[in-house]
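Heads up, the next two complexes both have chain A, just with different partners, chain B and then chain C.
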Partner chain A sequence: MAERLKATKEMKRIMRRYYAQAKYAHYMGKKVAWITSGGPVEPLIAMNIIPVYPENHGAMLGASKKGGQLSEFAEGLGYSPDVCSYVKDDIASTITKESPIKGGLPQPDMLICSNNICGTVLKWYEIQARNFNVPLFIYDTPFVHTEFTEEAKEYIKEQTKEYILFLEKVMGRKFNYKKMDKVGRYSLQSMKLWKEILDTAAHKPSPMTAFDAFFHLALIVTLRGKKIVLRYYKTLLKELQERNTKNIGAVDNEKYRLLWDNLPIWFRMRWLSDKFANHQAALVADTYTQAWCGVIDYIDENDFLGTMGEAYTRIHLNVGVDQMADTIKDFIRKFDVDGLVMHSNRSCKPYSFGQYDIQNLIKDMDIPVLMIEADMTDDRKFSESQVEARIDAFMEVIKEKKRTK
Partner chain B sequence: MKIENSLALFNKIASDPYDYIKTLKEKTNKKIIGSTCTYTPEEIVLAAGAHPFRISGQAQNLSAADAHIQAYGCSMVRCMLEDGLSGDLNFLDGVVFPHSCDSIQRLSDIWRLNIPSLHFDILLPVKLDSQLSQNYFAKVIKRFKSDIEEALDTSISDKDISEAIHLMNQIRTALGQLYTLRAANPALIKGADMAAIVKASMVMDKEELLVELNKLITLLSKIEKKNDARKRILISGSICSHPDIYQIIENKDAVVVWDDLCSGSRYFEGLISETENPYIAISERFTNRFVCPAKHIRADFQLDNMKRLIADHRIEAVLFIFVKFCEPFSFDYPDIKNELEKMNMPYLMVEMDQHNRIDEQLRTRIDTLLEIMQF
Partner chain C sequence: MITLGIDIGSLTAKGVLLKDNSILEKHLIQVGYNSKKAGDKLLAELLEKASIDRTEIARIVATGYGRNSIDFADKAVSEIICHGKGIHFLLPDTRTIIDIGGQDSKVIILNAKGTVVNFVMNDKCAAGTGRFLDVMARAMETEIQYFGELSLQSKNPAEISSVCTVFAESEIVSLVAKGENREDITSGIHLSIGRRIYSMVRRVGMVEPVAMSGGVALNIGVIDALEKLLKTEIKTSPLAQYGGALGAALLAVNE
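Take a look at the complex of A and B:
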């Protein structure tokens, strides 16, 4: 197995610092905003507000194997066993303070919610708005089944202005357009760098796997718009390019290349990574982490505020199933993959419903598809022996296919 | 005409809506436009000379739908899809998908890719709390008008819309009158009959419906009010497709006097202004009625709305009926239930699969709630 990426250490340090700053924000006279993972964070950074991501926290709770336990706690409060575990983990952690971050997330002064990832966040942020009694802004991104209508374009553009007025009111000061210009440029550059990083995986052998991408994603999610992201991603990119020059793969003797769809199963990352690596299979790309750079073309760096709305509206989860299938086809070609692994995620209905139809739509690509039913953080919904047997059978099919090619 | 005959008509249509629609289509040659949610602006469909009807999902067993939506999809969506895939809805000319929850959103994609018919996505705003979203809402309704004009090769005049609004306002007023009459005198008709009336209203030809509703109101208005000491129950949720539930409650000296259901009061709540711009007026009704939990108007709207319903209808217990796997409704439940506890209001939450029969366990749970209330 190749060594771990050296940059990882620095990444951990940056994240530790970020959470420490967020924890002590109130002592330093700063305001904290909770924001959804696909939400427009750049105006917050321009206003010197510290963004905090309950979804990133949910991923941390999942990775630290607390998802099932916290979901169970929330279910005791009356939440359904069948709904999103990120929401339940967050609600439970708010009460119990159970968290890898000491004392849990810092309390929000405002909530910013964009429904471009799901309708669930709307309910989640309403619950927390009642709980913390803080203002809530919804950045409403009309769904793009087949077209992005003129009225939707105008609606989203006007909402950006509405959002800024909201921030000015909460903060009691004028919006900093000058800083916004800089933040917008950093954000776009970060997305471009993130894309370059993910694209290094087109090399054979791939210098990184989707598991690395899941980990390094945290920066583009939480700190995009900050200069530090650029610095870090440049270092990471350099390391990956060096690996490519030397033909160092993330998986020893990489023979098979796979694509992952949906959120990670946070509590089984290592296990899954080892499982696939034992078959000399590398998950070289995924649809999830690509979401943070899939809409670069819609952003004008000279008018970030004016164009970000369309980009936020067209993200992977806010478009029709056929467009999602087209994206998957592009990845299959670009990364030259031998198989697709779909995580049918009980917590995420908008990501999971339509996966069967995607399978039908990509039939012409002629690659095997494996579907694993699980949950992103709730380990009670994971059956190791079943998943293991399915992975083994899937890999046999792939090996056979490659042998006879 | 007797009350029994009127109720028999509504019950017949509610129990076999597809049969009614097929006959209607043969008789009138109207285009049939199915809808998947109460956010469908039926006025526009009517103005286009077509017939709007709510697809309820009649499938008892799922097989074709399983190949498209995982088992953790709600049964409402899966049953609708099953009916579409199995050919039971072949009489449809088109289907409307208003943006509401994540599941209906994906149902729209899956439907478009697998079932040939005219397809209308209405990309509604999710927030209804600002002038900006209200303006957008009106534009979305206007686009739906152009889409349906193009698809059905027709043109819709302002007069067509005004007439449709007027007709739907009369229907909503009539349904509201029926609910109010019955809330004041629950012995007038059984809860299951009331549920059948609303369900049939989403199916029937609207002109015929208005005539039948008014006939029934006239008949019921003549009946004297009886003293009714039964406990007054509110049902809350998205849809309740089990008429048996009303009977179980009535067998225990209690009665459902009002509801907060998409298959109930949410269908007729609120009237459309007949003097304003029609697109703005239609969108305002959707904002001013009790919004469904998939939309945002205020963080505490659902809690306040529940308290208001309890006060307005002198409710003594609340029965939450949720479709299993439905996220929007279930997320509001814990906070609403806490409020009910503060008010010492008895409540019970049951989760149901639409195609499941009422089992003994559910019957026992409802019985227990009602027995507790008798003390």
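Take a look at the complex of A and C:
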């Protein structure tokens, strides 16, 4: 196995510092906003508000194998077993303070919720707004079934205006347009850098796997719009490019290349990564981490605030399955993959719902597809021997197919 | 050269000894709770049955759920490839294989050369698996080997709407209470599992001819239900239950 990426250490340091700052925000006279993973964070940064992501926290809880336990707690409160485990983990953790961060997430002063990732977030944030008794802003993005209409464009522009008014009201001061311009540029640049990072995986052997991407994603999610992201991603990119010049792969003797769809199974990252590596298979790309750089083309760097609405509306989870399938096809070609692994995620309905349709839509690509039933954080929804049997069979089919080609 | 294929399923363990491309001996035992012990027992009994010595076996391939617990095997291979090889050997022109195992159901697509090109397995639920039939046979107080025949005597199959094994069982209890006859309920049960498999076949895309592998291939009720739903003949072999083990033995030849 290739060594761990050197940059990782620095990344951990940045994240630790970010959470420490968020934790002590109130002592420093700063406000904290909880925001959904696909929410427009840049205006918050322009207003010097510290954004905190319960979903990132959910991933941390999942990785530390607390997801099942916290979900169980939330189910005891009356939440259905079918409710998203990020929601259940967050609600439970707010009460129990169970968290890798001492004392749990810092309390919010406001909540920012965008429904571009799902409908569940609306109820989740309403519950937490009542719980913390803080103002909630809903950034409502129309679903893009086939095309982004003029009406949708108008509507989302209004949403952005209302968002700014909301922030001015909560903060009791005027919006800082000058800072917004800078933040917008940084944000766009970091998305572009993130894309370059993910694109290095087109090289054979791939210098990174989707498991690396899942890990390094945290920065573009939580801190985009901050200069530090640019600095860090430049270092990471350089390291990956160096690996490519020296032909160092993340998986020893990479023979097979796979594409991952849906969120990671946070509590089984190592197990899955070893499982695939044992078959000399590298998960070279995934649809999830690509979502943070898939909308670059819709943003005008000279008018970030005016164009971000379209970008936030057209993200991977807010478009129809035809477009999702097209994106997957592009990745299959670009990263030259031998198979597609779809995580049917009990928690994430909008991500998992269309997966069978997508399988049908990409039939002409003629690659085997594996479906793994699990959950992003709830380890009660994972059956090891079943998943193992499916991965082994899937890899044998790929090997057989490649051999007889 | 003699090779051995061992298939340790969740209910039964099967072994096939292969010599010069023909079956020398086969054997089947119940797995019980310890698959490693079952493997040892299967090997010992098979050697005795065939009157050969352990040293005469050139290579051993294990498959099935307990494949990794067979420490005397040279290699472990998943059931998909093994059923593919086994059925291709028994019924050479087969293009679609249906295997209903104890806790897994699978539909496997072969190309004209007999190579596995695609497959689909049941989701996490046990509804479309052999366990479903086991539970239902017990609920109907019928021996599993007569279960299929009983269903063929039905004139008016009962409607079993629940796909969940546990709920379907209570549905059956209430059908019995309502006075529905055994044949009709049993037929309804077979159609219910048939519908689960039918949707899997459609998902992966059926290519004819279709064959069944595994122990459930001996159940005439399932075959009948699938033929009605898929509107095609389902081929089987008397050796279908050994499909996985046979495939493993065949793979051992080329390893």
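Here is the rule we use: the second predicted complex is superposed on the first by the 405 of 405 C-alpha atoms of A that agree within 3 Å, B and C clash if a C-alpha of one lies under 4 Å from a C-alpha of the other, contacts with A are read in each partner's own complex, and residues count from 1 in each chain.
Operating definition for what follows: contacts are C-beta pairs under 8 Å (C-beta built on N, C-alpha and C of every residue); 3 or more make two chains touch, one makes a residue touch a chain.
It should be emphasised that the depicted structure is a prediction, and the values quoted were computed from it without experimental measurement.
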| item | value |
| --- | --- |
| Contacts of A:383 with chain B and chain C, given as first, second, both or neither | second |
| Which superposed partner A:262 touches (first chain B, second chain C, both, neither) | neither |
| Contacts of A:356 with chain B and chain C, given as first, second, both or neither | both |
| Touched partner set for A:396, first chain B, second chain C, both or neither | second |
| First, second, both or neither for A:162, with chain B first and chain C second | first |
| Which superposed partner A:190 touches (first chain B, second chain C, both, neither) | neither |
| Touching partner for A:140 - first (chain B), second (chain C), both, neither | first |
| Per-residue touch tally on chain A - higher for chain B or for chain C | B |
| Set intersection of chain A contacts, chain C complex versus chain B complex | 344, 356, 373 |
| Chain A-touching residues of chain C, taken from the complex the two chains share | 65, 77-81, 103-104, 106, 113, 115-121, 123-124, 203 |
| For the chain B and chain A complex, residues of the former touching the latter | 67-70, 72-73, 99, 101-103, 105-110, 112-114, 121, 123-127, 129-130, 132-133, 135-136, 139-140, 143, 293-294, 296, 299-300, 303, 322, 324-325, 327-328, 330-335, 337, 349, 351 |
| List of chain A residues in touch with chain C within their complex | 344, 356, 359, 368, 371, 373, 381, 383, 385-386, 389-390, 392-394, 396-397, 400-401, 404 |
| Contacting residues of chain A [partner chain B, same complex] | 77-80, 82-84, 87, 115, 118-120, 122-124, 126-127, 129-130, 136, 138, 140, 142-143, 145-146, 149, 151-152, 154-155, 158-159, 162, 320-322, 344, 346, 349-350, 352-357, 360-361, 373 |
